[in-house]
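So that we are looking at the same thing, I have put the structure below in structure tokens.
Naming follows writing order (A, B and C), and every chain is counted from residue 1.
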Amino acid sequence: MGEQLLANKAIAVPGEEIARGMDFVPAAGTYRDKESILAARLGLVSTDNRLIKLIPLSGRYLPKRGDMIIGQVIDVQLSGWRIELNSAYTALLSMKEGTSEYIEKGADLRKYFDLGDWIGTKIINVTTQRLVDVSMRGPGLHKLSGGRIIKVNPSKVPRIIGKQGSMIGMIKNATNTKVVVGQNGVIWVSGKPGDEIRVLDVIRKIERESHKSGLTDVIKTYLGAPDAVGDGNYEQMDDQNEDTGEHHE
Amino acid sequence: MHLLDYFKEGFRPDGRKLDEFRPITIEAGTIKTAEGSAIVTIGGTRVIVGVKMQVEKPYSDRPNEGTMMVGAELYPMASPKFESGPPNAQSIEIARVIDRGLRESKAIDTKGLCLIPGEKCWSVIMDVCAMNEEGNLLDAGSIAALAALNTTIFPGFDGTIVDYKHPSDRKLELKKQPIAITVVKIANYLLVDPTNEEEQAMDARLTVTTTAEGTICSLQKGGEASLLPEEIQAMLELAKTKAKEIRGSLSGKGL
Amino acid sequence: MKTQVNIMSKYQRTDGRDADGIRPMEAKVGVIPQADGSAMFKIGNTIAYAAVYGPRELYPRFLQNPETGILRCNYNMMPFSGAGDRVRPGANRRSKEISMVTENALRPVIDLHDCPNAVVDVFIELPQTDAGSRCAGITAAAMALADAGIAMRDMVSAIAVGRIGDGSYVDLSYEEEALEDYPVADIPMAFVNRTGEVTLLQMDGEVQTEGIMDALAKGREACKRIHALQTQALKNKFQGDTQ
């Protein structure tokens, strides 16, 4: 019979034995070596019945199709823009995907997105060689003007968004700011300078205390906020929350 | 990044006032292999300075004096922007500005480093090494170099061979205590202790090195924009004030 | 004149340690905030910092591998870190060789198939050295890689074992490396924790096969203790993340 040696929410270091027994199934971040399920990276143990996986605590962003991310224009080319993703890989935003309106050939693409612009965009394709295509066509995808950019480790994004967007919704309401959270760990905040700083402060606090249970209440008190409000729109990436809930791989 | 909206309110993106330094820590004299050392942090920026002393031949035009040298290494470990390789313009500037502050103030009594005129003298070599870069490496390096020199003890020397294993009981006594303070100009605002973002956004900067007596012993203007004389005066005053404050708060801790 | 055997049986370690005694150690993870992962490892008076950046874009292009990311290690001693004279900054033959064996010591446990064409850079810097520096660098680097979330099937730990006469002595000190009265062989080694695979093995000196096998066995045991420290340091950093 199997035995789980590391409890749920325990930290496993690479090579550490998490469980023993043939009825366990290794999932993301773990592997089997004979009878044992071992950690294939540093992470947090998460068991679902007999399925054992590790939730990452760190690691740079690797682009995934379907992710809503925030990127920066680093090059304006003839038929598109090159976008930096806070990752080892950059993305191409082709003219076709640039906006829902028609862009003429030979048009000055800088009129749409210029060097240095930040955009909320969606990854529509990632090849095996990690060539990435993004698109601005879709609800809630647009240039992010003004405001400031805060970077966090991508593994913290689910916590910052919260269940059904409750955490980020609460932060926005309490600080009167617009916030967009990218899956790639890039966050855009816009409001009065003092309020933007409050958001930065809270985000850093969430980063530090990310796996504490009851964190939403802790933050609520910290902000002096009214009750958390979960907004309706989860697919969109406008200045409301943009996620379908907790993302644990 | 709408920095000016912040400055109008009187603070910066990290919440500090425009003339406010991040917390400074000094850990002095802990590197056993160095004759003197200091690890300084300003906020998240961390710099380590080691002082080594060697016996060399004096320069022919200064036979009665010892020598000093400052080098700077911006290790790639400290920032994603740093690359391996020979010193670039940024690290050379840091080294030379710190060097000038010490040299022009005559902080080190080079005559006291003479062993045999024309033949042997002590050479004091400082290496300023960046370990984590979050802005204002120059000021951090300057404070660390000073604190390191203040802990420096001459190695043993029998006239021929230097004995690093058995230090002498002679401390290096500095005649002056120069500190560099960098003031950054962004539009019409003057700031001290810039973060990486603020350094990127700056129009111009002025690094002012002063001694404890308030004498300015070195200046370095950087950045592509120009400065008006009135701006320079304001920057000089601000730098002098901050240097005095920092000396006060760190006295007994390495300065 | 005493025979070799008599001398050997009387060897007492210069600092009073047992044959398998390791100098006091310290490990801390997350010491370089700018890096994606970092760690400090101290053993005796040798201090090694390791910082990991990656996976990140790799230039020049011709180094890119479309099948997998690559690991690139850079080992460097700070100019004031040696026992004697200042060491001129910059890569030298010794540091280049150590960079290479460090890479080889870590590569077997790392899986970079998830990041083709990219690079994981490991930078090792030592502000103070007192023997065992390449091993300290590898031990720190393994923690830093784990901290950076790199896919790793296991941890790697490293130690230098000395053969002094007929005995194996773990974690050779600087004095022991330079012993004049006894023949000394310095054997730096590194092990994958669970399997005991050897990923670093070098030797300076003269030994017989049995001597090497004994040194390996002693080193393996010592590395288990080092591994316990690495594990604790990694968990300590993230302890605040779990409650």
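In this text, a residue touches a chain if its C-beta (ideal position, glycine included) is under 8 Å from a C-beta of that chain, and two chains touch if they have at least 3 such contacts.
Bear in mind that the values here come from a model prediction, so they are computed numbers and not experimental data.
**Q** Testing understanding: with touching defined as stated, what is the shape of the graph linking the protein chains, line, ring, star, complete or other?
**A** Basically all the chains touch each other, so complete.
**Q** Taking contacts as defined above, which has more of them, B-C or A-B?
**A** Taking the two pairs in turn, the one with more contacts turns out to be B-C.
**Q** So what's the Cα centroid distance for chain A and chain C, whole Å?
**A** 35
**Q** Report the inter-chain centroid distance for chain B and chain C in whole angstrom, where each centroid is the mean of the CA atoms.
**A** Their C-alpha centroids are separated by 32 Å.
**Q** When the C-alpha atoms of chain A and chain B are each averaged to a single point, how far apart are the two points in Å?
**A** So the centre of chain A lies 40 Å away from the centre of chain B.
**Q** In chain C, what residues contact two or more other chains?
**A** 56
**Q** Inside the complex, what are the residues of chain B that reach chain C?
**A** 31-34, 37, 44, 46, 48, 50-52, 54, 71, 73, 75-80, 84, 86, 125, 127, 129, 131-134, 162, 164-165
**Q** Under the definition above, what is the set of chain C residues touching chain B in their complex?
**A** 32-35, 38, 45, 49-51, 53, 56, 74, 76, 78-86, 89-91, 121, 123, 125, 127-130
**Q** Quick check on the complex: what are the chain C residues that touch chain A?
**A** Listed in rising order, the residues of chain C that touch chain A are 36-37, 54-58, 66, 69, 109, 111, 114-119, 146-155, 192-194, 230-231, 234-235, 238-243.
**Q** Give every residue of chain A touching chain C within the complex, in rising order.
**A** Counting only chain A, the residues touching chain C are 9-11, 13-16, 31, 33, 38, 40-44, 56-60, 62, 88-90, 128-130, 155, 208-213.
**Q** Please give the residue numbers of chain B that touch chain A in the complex, ascending.
**A** 1-2, 5-6, 9, 11, 13-15
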